[in-house]
Every structure is written in C-alpha cells, then in structure tokens.
Amino acid sequence: MKAWDVLRLGISYVILAVAAAIAVFPIYYIVITSLSDIPTIASISIGSLIPQPRGLTLDAYKGILFGNPFLLWLRNSLILAGATVAITILLAFLSGVALSRLNVPGKRALMITVYVLTFFPMTVTVLPLYLMFATLHLINTYYGLILAYSSGTSIYGAYLVKLFVDSIPKEYEEAAMIDGLSRLGAFVRILLPLSKPVLAFLGLIAFMGAYTDYAMANVFITSSDLWTLTLGMWYLSFVNRSTLYNVFAAFAVLMGIPIMAVFLAFQRYLTRMYTMSGVKG
Amino acid sequence: MKGLGRTASIAIVVVVVIIIVAAALYYATMKPSPPPSTSTVVSTTTSLVTTTATSLVTTTSTATTTSVVTVTTTSTPPTTPPFSLSSLLDPNFVCNQLLGGKTVTITVWDTYGPPEDQAFNVTLASFTQVYPCIKVQVTRGVGIATANFVSAAKAGQAPNVYRDTSDDAGKLFAGGLLLNISKYINPADINAAYIPVAVKNFMLGSSIYGLPDNVNYIVMYYNKKFLNDTLTQKMFGVGVDQLNTNQLLQLCQYINSTYKVWCVAYGAGQEWGYRFAAWFTGFGGRIFDERGMPQLNSSAMVKAMEFWYNMTYVWNYNAPGVTPSLEQQLFTQNMTAIIFDGPWDLKIYQKALGPNLGAAPLPTISMTGMRAAPLIGSTGWVIASPQASGASQQQIYASLAFIAYVTSKDAEMNLWNFAGDLPAQKQAYDTVMTLLSSGGLQPAYMNDVYKGILEQAQYGQKFPNVPQMGFYWPCFHQYFTLYFANRTISAAQAAQEMESCMISNMQQAGLMPSS
Amino acid sequence: MSYKRNIFFNYLYILPVVILVAFLYLYPILYTIYISFTNFNLYHFFEYQWVGLANYITVLTGGTFWQVLVNTAIWTVGSLAPMIAVGFLLALILNQKDLRGRSAFFTLLLVPWAFPAFISLIVWQGMWNWKYGIVNKALAIFGIKPVDWFDVVPMAWTMLILTNLWLSFPYYTSVFLSALQSIPEELYSIAEIDGASRLARFRYITLPLMRKTIAFVAIGGFTFTWNNFYPIYILTGGGPGNATNILVVYAYQAAFNNSLYNFAAVYSVIDAAILIAMAIIMLKYSGVLEAIT
C-alpha cells in the first residue's frame, strides 16, 4: 500500500511537471522574443532559447509604452471587458435563477431556442451585424461591442448558474421570505452570495472574451480614441507585408499581465464553481 | 385546463417577443436592408452611380473628349468636372471656386503603418493649414484591403477617402464602390504626374480609380558574405544582377557546400501567388489572356512549380517549410544567401546585415531566356462612390483635392524620407533617382542596394487588377500547396485544377468575360 | 398577486437575455439566410437578384463541400476526445488530497487559458516548423526524425489537434476538478470502510457522479469546437489544399478571400443547421436537457 502510494504520487508529479512545462513554455518563448532586437519568431536552435545578453533589448517595450497611447488602449479594453463582465453576470444570474426557481411556462423551449441561435457562426454574420449596428449608430461606440460580447457568455452562463442554483436548497430563500424579504430580495440577499464561485467563473470567461477579442473590435471600432489593446497591437506589429514579432511579443507580454493577475485572483473560485452542484445534476 | 393555459401563454409570449424584435429591427434597419424594392435609396444617387458602374464600357469615349476640353481651358480652370490636377492643388481655387467658401468635412481611412504615419502626419498638418475650408477626420490604423470598407460601403457609411492597394481597389471599383476619378480629373494630367506603371495599376479599362502614392514589388536580396559580384564575375563573368537560373544552381551548389547555409529561403509551400507570379511569367506564362480568362493551365506553370519543388526537395538549395517570418530570421542571421522580398522590409535587413546587404533583380530563366518578372503593384488613394459613402458633391470635390495633395511631390517625398517608400509621383521619383545616381544616400552602401531595387522595376510585369484577379490567390494557393505537400497531386493536375477553380469562381461571381 | 400576473413577472427575469440574443442574432441570421438565396457578392453589390436554390445546388453537388464537412467532423471529434481525456486525467491527479503543491501546479496549468489564444497560436505556428521548430528539436533528443507537420495531412491534423489540446485543456481540467471536489468526501470514506478498492471507488462513485458534468461539458465543447475558427485559420489556413479546412473557415474564406458573400452564407447556414441538429440529438440522448432546463 505504501509503495503503491509513493509510485502513484511519483507518477502524478512527473505528469504534472511535464504538463506544466508544456503549458508555460510558449509563454517563455514570447518573453524571449519580446527582448530580441530582431523582429522574428521561431528558434533556429535549442541554443537560441537561452537569451544571449548581446541581443537583449527593451526597445520594443519602450516603443509601445512611451511612443504610443498604451494606457488609453488599456483603459478602453478594461472598460469593454468590465462592462461585459457586469452585464454577463447580471443577465446570467437573473435568467439562471428564473430557470431554476421560477414557474415560467415554456422557459425550456425558449431558452433552448435562444441557445441554439448562438450556434450560428459569427464569422459570416458580421456583415449583416455591421449593417444593423450602422443604422442604430452603434459603430464606434462601446455599447455595440459590449452587447455583442455579452450575448454568448450570458446565455451560456444562464445554464451554469441554473445548474449551480439547483443544488442550493430552496429552504434558504423560503426562510428569508418568511422573514419579510421579497422574492427578488431573497434571490439577491441569499442566492447571489452563495453563487459567487460560479459567477466568478463566468466573469472570468466574459473578461477573457472581451479583453482578447480582435475580430469584432476590428470591425466595429475605427476611431483611434476607442482602440483596444488588440487593435493597438495589430497596428504596431503588422506593418505592410511584414510582422514585427518582437513588438508583437512585447505587446503580448504587456497585455497578458492584467489577465494573469485576474486569473490568479479568481483561481480559487475555479475549483469551487461546482462546490454544490454537479452532484445532483 | 392548466396545461392548456400554459401552452397558450408560451405560444403568446414567444410570438410576441419575436414580432416585437423583428418589427423593431425591421424599422430600425429599413435603410440599408436588401429588399429589391428600395428604389427610393437608389434613385437619389443614380446619376453618379450608374455611370460608375457602367464605366467599364463607356469611359473610353468620355475620357478622350474630356482631355480635349481641358487643353483649351488652361487659363481659367472650370468649376465643373473634369478638373486639372494643378487646379485641385490650388487651395484658393478649391476653397473659393469649387466649394464656394463653405467648410466641408471629409472622412479619411488611413492605412499607413507606424513609420509611414509619421510622414502622413507632416503632410496632413500642412494640408489642413493650406486648405482651411476642408476639415479632415482621420481614422488611423485601418488595415489595407480591409473587409470593413466593404461592410461600411454596404451600409452607405464608407469613408470619403481610403488608401488601398491597386488590385484590391480594382475589385472595389468593379463592384461600384469607388469613384471613377478620370471623370473628375483630367486623365492626361494624371498620366503626366505619375509614373506610367503606377497609373496603369489604377486603371481598369480606361477608367482611373485612384492616385498612386507608392510602388512596390519584390527583389532578390542577397548576403554579400556568400554571394557577390566578385564571385559571379569569376564564375560566370557577369554581375549578380545578370544571373540566369542555371548559374544560380551552380552558385547554390557552391554556397551549400562551402558555407553550409541555405542558398535560398523562399517559403514556396505557403505561397498565395504574389511572389510566385514572377517565376510563372519568367517561365513564359501569363495569368490572364486579353479577354481576362485565366491561363494557369500551361506548361509554364508546370515548369515553374517543378523548378521550385526541385530547388526545395530534390536539390536541397531552398529551405523547406519556411514562413516569411522564418525567411527573415534566416537571412538576418546569415543562414541563407538569398531571399525574395520587397523594399518594405529593407530597414530590417539594413540593420542586420549592414554593408553585406545586396539587392538585385530576380534572375533570367535559362529555359526561356526571359527574366522572372515580379508583379509591380501600387498603393494609392481612392474615393468612395456616393452610393457607398453618401457623399455630397462638395465632399467629392474636397476629397479630390485631398487625394491630389497627399500624392503630390512633397507628400511622396515625406514618405520616402520617413519610410523609404518608392514614390509614384514623377517629380518625387526623379528626385530620388537623382539622389541615388549621385550616391547621395547615407550610409553609402545603400546607394547600391537601391540601385538594385530600382533595376528590378525594368523587369516587372503589370499587376493585373481585373476583378477576377481576386480568385487567383486562393485558387493558386489551394492547388500549389497540394502539389508542394509531397506532390499529393501532380504539377500538371495542380495547374489544371487552379485554372478550373478560377473559372468556377468567376462563374459563381458572374464575372465571365463575354466572348 | 394572481397566478397570471405572477407568471408575467417571472418572464421579466429571462426576458433580458432573450431579447439581447434575439437582437444580436435574429436579424443577422435572417439576413444571412436571405442572401444565401441571392447572387449577392462584391460584383453584384448594390443590386442583386434572387436565385432560388441555385447556390445550394452548386455547393451540394461540388466535391469540396463534402470534404470540408468530413474535415469538420474529424476536427471536432478528434479535438474533443483528447481534451476531455487529458482534462479529466489532470483533474483526477490534482484531486489527490495527499499531493503537495496542488495549487501551484494548478496555477501553471491555467497559463494557456490565461493567455490570448490568437497570440499563442502564432507562437505555436513557429514552434511546429519542420527544420527550425522547437517541437522537432525536442523530438530529436529522443532520436525521432523531424516531422513535416504542415505538409503531410495526417501530421497536420495531429498538429492542429495537439495545439487545440494545449489551448483548451485548462478549461476542462478546472471544470472537472471543481466537479470532483464537489463530491462529498463521506461517500469515499464509507466505500473505503466497506473495502472497496480505489478502482472500484472510481468506477462506482466518481464516474456515475461525473457523468452529467462530462456530458454537459462535452456538448458545450462540441458546439464550440465545431465553430472554432482561429486554430485552423492561423495554423494551416485549411491547407494543404483544403485537406484541413473546416466549414467555418471555408465560409470565411469564401466571403473574405473570394468576396462571394452568398456562398459564404450558404456554408454558414448549412454549418449551423447540422450543428443545431446534432446538438439537439446529443442533448436529448445524454439526458442533459433535463438537467439544464
């Protein structure tokens, strides 16, 4: 038994170490590239993976941070991502709770229909979406993008919340309602705090979607005052027919830092989003 | 009973929601929506649009008559089109005569990258100063040849002015999205002001749809450490600029065995056909015949494909599986002697190789005795058609003045100075040529590099800008990559499939030339 | 409060999300369906005609479409199976209570997810290079000859699926891990007292309890992977030829390389129709439908 445990743990550590190395390696690669003075990617030899002091430079970072409105782009990205997170959480919570707790005739058919609509590939519907946004004057605004980013995540989130709330005993709110809270009040006071893990998880997905999007932002934002980080990155990195990979990589590092921070902050929720659900599911 | 009520309420709610949303959307999107009955929208702008759309056929006559008109009226410029180029460059005439003292705002999509943008900023600042009557709203960082222009045009919200490649703009013009500039500016003036190849690039039939700011094409960059005039003189008695492919093969043999580096790094396996067109033409092929039918299914295509396959996998002279990024890395790190690239990357190579950098025209194909002929394309400024942008006549006039100004001598000299772009404006081009022939560039070795780049221009081919050129890229890519991937299909099959792919796309698009 | 009025208020909870999705999808989808029956393309841009089923007939009678459809199935199933397997395995490993440094490992494993996917994909493209990529250099250490990942079709699929695995496994790992952790500890201790082996505990406690979660995640993953655009678009662009092309990339290329918007619309409509049919079948069959509605 003891020997088996040692072996089991040993194998586990090996697998985890290999997996972690593979997971992190490309990021290391990006960091090296960002410090290079030559705008290329892909290594010529194993040796070139170890940075040589001679070729190291912070020029790419300096250019991005001081030669360009990086902070403006960051602010725009954070506004978009933040609003998307807020809307996603609000809508997903409301509809998730309704799906789980309330008597809404036909909710099943309605929600499935709505869910199925999101299967339509956005890559091609972007032209009609543009025409619609153009008429509604949503081009070059935050609103259009925020709505577009929120739609997919809120419908998916509604199901996650529903699964989660299903596992919370009904007696919790019923007790609160007897104490004089309205139903909505009971949801907000009782269910909302309990749903924190799943909402955090959803927030994370919504944040990532909005923060890293290029395709939609490229279509719906043209004014440079509203540029997001991804648009700025494209502008600086892809010049004429060539790609300045060192600038690209430096930008990726700068852009990745806030996401990493958010991920670290939210990590503990990731393992708790199923804390009470899943079992009964 | 309860069940019935439930079903009924589901139905009611679903139907009501859908109707409300659909109705709201219908009313909201009335204007750009596609129904065939929107004749009101079309009729307001027909006068300009229909002429643009049919200009392929009709402008031959109008162009010739208009040029006659202006020759006779040089002293007092007319206030109706066509205008002379010089009158558009006269702020007094534009502001007071054409715009009648009113202030006009135009929207501009700027597709320059960062170094070129510095030049554009200088030009823009002086434009706003000398044309106080024209307010310019610039959107920066727009991708060149972007699909966004098409979407915006469909919504009737395209920018007034846009900068595009000549071939992409050719498609847009054929679709009626761009203004026929030869109706507004004397074609004779345009021909006189810009170098001929750049004007031809922006010409479909006899209509001109843009003013060029820059000419571009690929050349052969080489590393003088491995390959130089001394070596080629000793081996073949010619300079690097006079090589043929047989000599290139011997050189490659020599470079491979002596230096253990690649002779060439050309990512043929990822080609979309831009660089490959040079070889195809050198082997005696052409992309289109006079009628505009594709001619890819030819022995020239087969031989050109086989040549590069052999270079890569049989003789091992060309680095296999490389991407443009990797080509650059190999070249900048002295691991390949030759790459094929354009002036847009010159700064990167200058920085890495310094005086070892050389540039020369692509070699002659020994089999045919003809030069490999790169596509000579241009970028330039175009104006959206009124149907695409909703522009008023005054905005069109202001746009004309703007594109005339940003392609004027000073503007193109700015681009040369900041970004090293090859000018398309004749005086700017001549200035650059004089500078080069007098050896006035610093550092001095760059004079030779630029001489090689300019020498290539003699051996180029016109960039086809017929709309069906748009199908050349994907069709070539699809079948060439299949051939190159371990000869999944034979070269002859690939050539045949490319051509039929183009033809079927042309049929689907309704672009077959009438015979 | 009357019963009916109550129901009306209940609708208010789900109405926002319904309206939002309807607002964003209904018109674009109807428009796309409409233009799939017309000759709308860049060359018939402002004025175009109804052509009936002609586009559909052209597409369905051509060979490429069927090839691309098969590719889409290969891509989806081929990606999903290893993602779920690896995600589940890593979750099981991380769920061992006597393992030290679990949260540190978990953090490192989340990195691929926490980095913008399109950036990682561009880096991966360089790493898979035949002569100069780090993958082949690493394989050389084990004496494996360099593999041409881009030009040999089975290798191209392997590369695409492995890259997609790298991108996606953190999501599956964390979902499965949190589901595993939600299984009450007592169930295991009771089973252990009863003398159930580790394998038996896994077989009779973990798997049945995880079944719904796996099904839910798998169906979500299926619909996502089916329309997952970036990996194939950035890595192979569907090549060589159309050997690794999938419907959503093919539709994009029809629209933006060939400017044939009507054909792009046809591909999208067919793509969505097939996906919806399959999703509904899977939801019904797996019993997830009851759980999520």
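Each chain gets a letter, A, B and C, in the order it is written, and its residues are counted from 1.
By our rule, a residue touches a chain if its C-beta (ideal position, glycine included) is under 8 Å from a C-beta of that chain, and two chains touch if they have at least 3 such contacts.
Here the structure is a predicted model, which means the values were calculated and not measured.
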item: Chain contact topology (line, ring, star, complete or other); value: complete
item: Pair with more cross-chain C-beta pairs in contact, given B-C and A-C; value: A-C
item: Between chain B and chain C, centroid-to-centroid distance (C-alpha), Å; value: 36
item: Chain centre separation (chain A, chain C; CA means) in Å; value: 16
item: Residue list for chain C, restricted to those that touch at least two other chains; value: 7, 11, 18, 22-23, 26-27, 31, 126, 129, 132, 255
item: Set of chain B residues in contact with two or more other chains; value: 9, 13, 25, 29, 33, 150, 154, 323, 325-326, 329
item: For chain A, residues contacting two or more additional chains; value: 41-42, 44, 105, 110, 126-127, 131-132
item: Touching residues (chain side chain C, partner chain A) in the complex; value: 6-7, 10-11, 13-14, 16-18, 20-29, 31-32, 89-90, 93-94, 96, 98-99, 103, 105-120, 122-124, 126-127, 129, 132-134, 137, 166, 170, 174-175, 177-179, 181-184, 209-210, 212-213, 216, 220, 223, 227, 229, 247-248, 251-252, 255, 261, 264-265, 267-268, 271-272, 275-276, 279-280, 283, 289, 291-293
item: Chain C-facing residues of chain B, complex; value: 9, 13, 17-18, 21-22, 25, 29, 33-34, 36, 42, 49, 147, 150, 153-154, 171-172, 174-177, 269, 319-323, 325-326, 329, 387, 467, 470-471, 473-474, 477-479, 481-482, 484-486, 488, 505, 508-511
item: For the chain C and chain B complex, residues of the former touching the latter; value: 7, 11, 15, 18-19, 22-23, 26-27, 31, 34-35, 38-50, 58, 125-126, 129-132, 148, 150-153, 237, 239-243, 253, 255-260, 263
item: Footprint of chain A on chain B - complex, ascending; value: 6-7, 9-11, 13-14, 25, 28-33, 109, 113-115, 139-143, 148, 150-152, 154-157, 323-326, 328-330, 332-333, 335, 342, 344-345, 348, 352
item: Chain C contact footprint on chain A (complex, rising order); value: 5, 8-9, 12-13, 15-16, 19-20, 22-27, 29-30, 33, 41-46, 49, 90-92, 94-95, 97-99, 102-105, 107-108, 110-112, 114, 116-121, 123-129, 131-132, 147-148, 150-151, 154-156, 158-159, 162-163, 166, 197, 208, 211-212, 214, 230, 248, 252, 255-256, 259-260, 262-264, 267, 270-279, 281
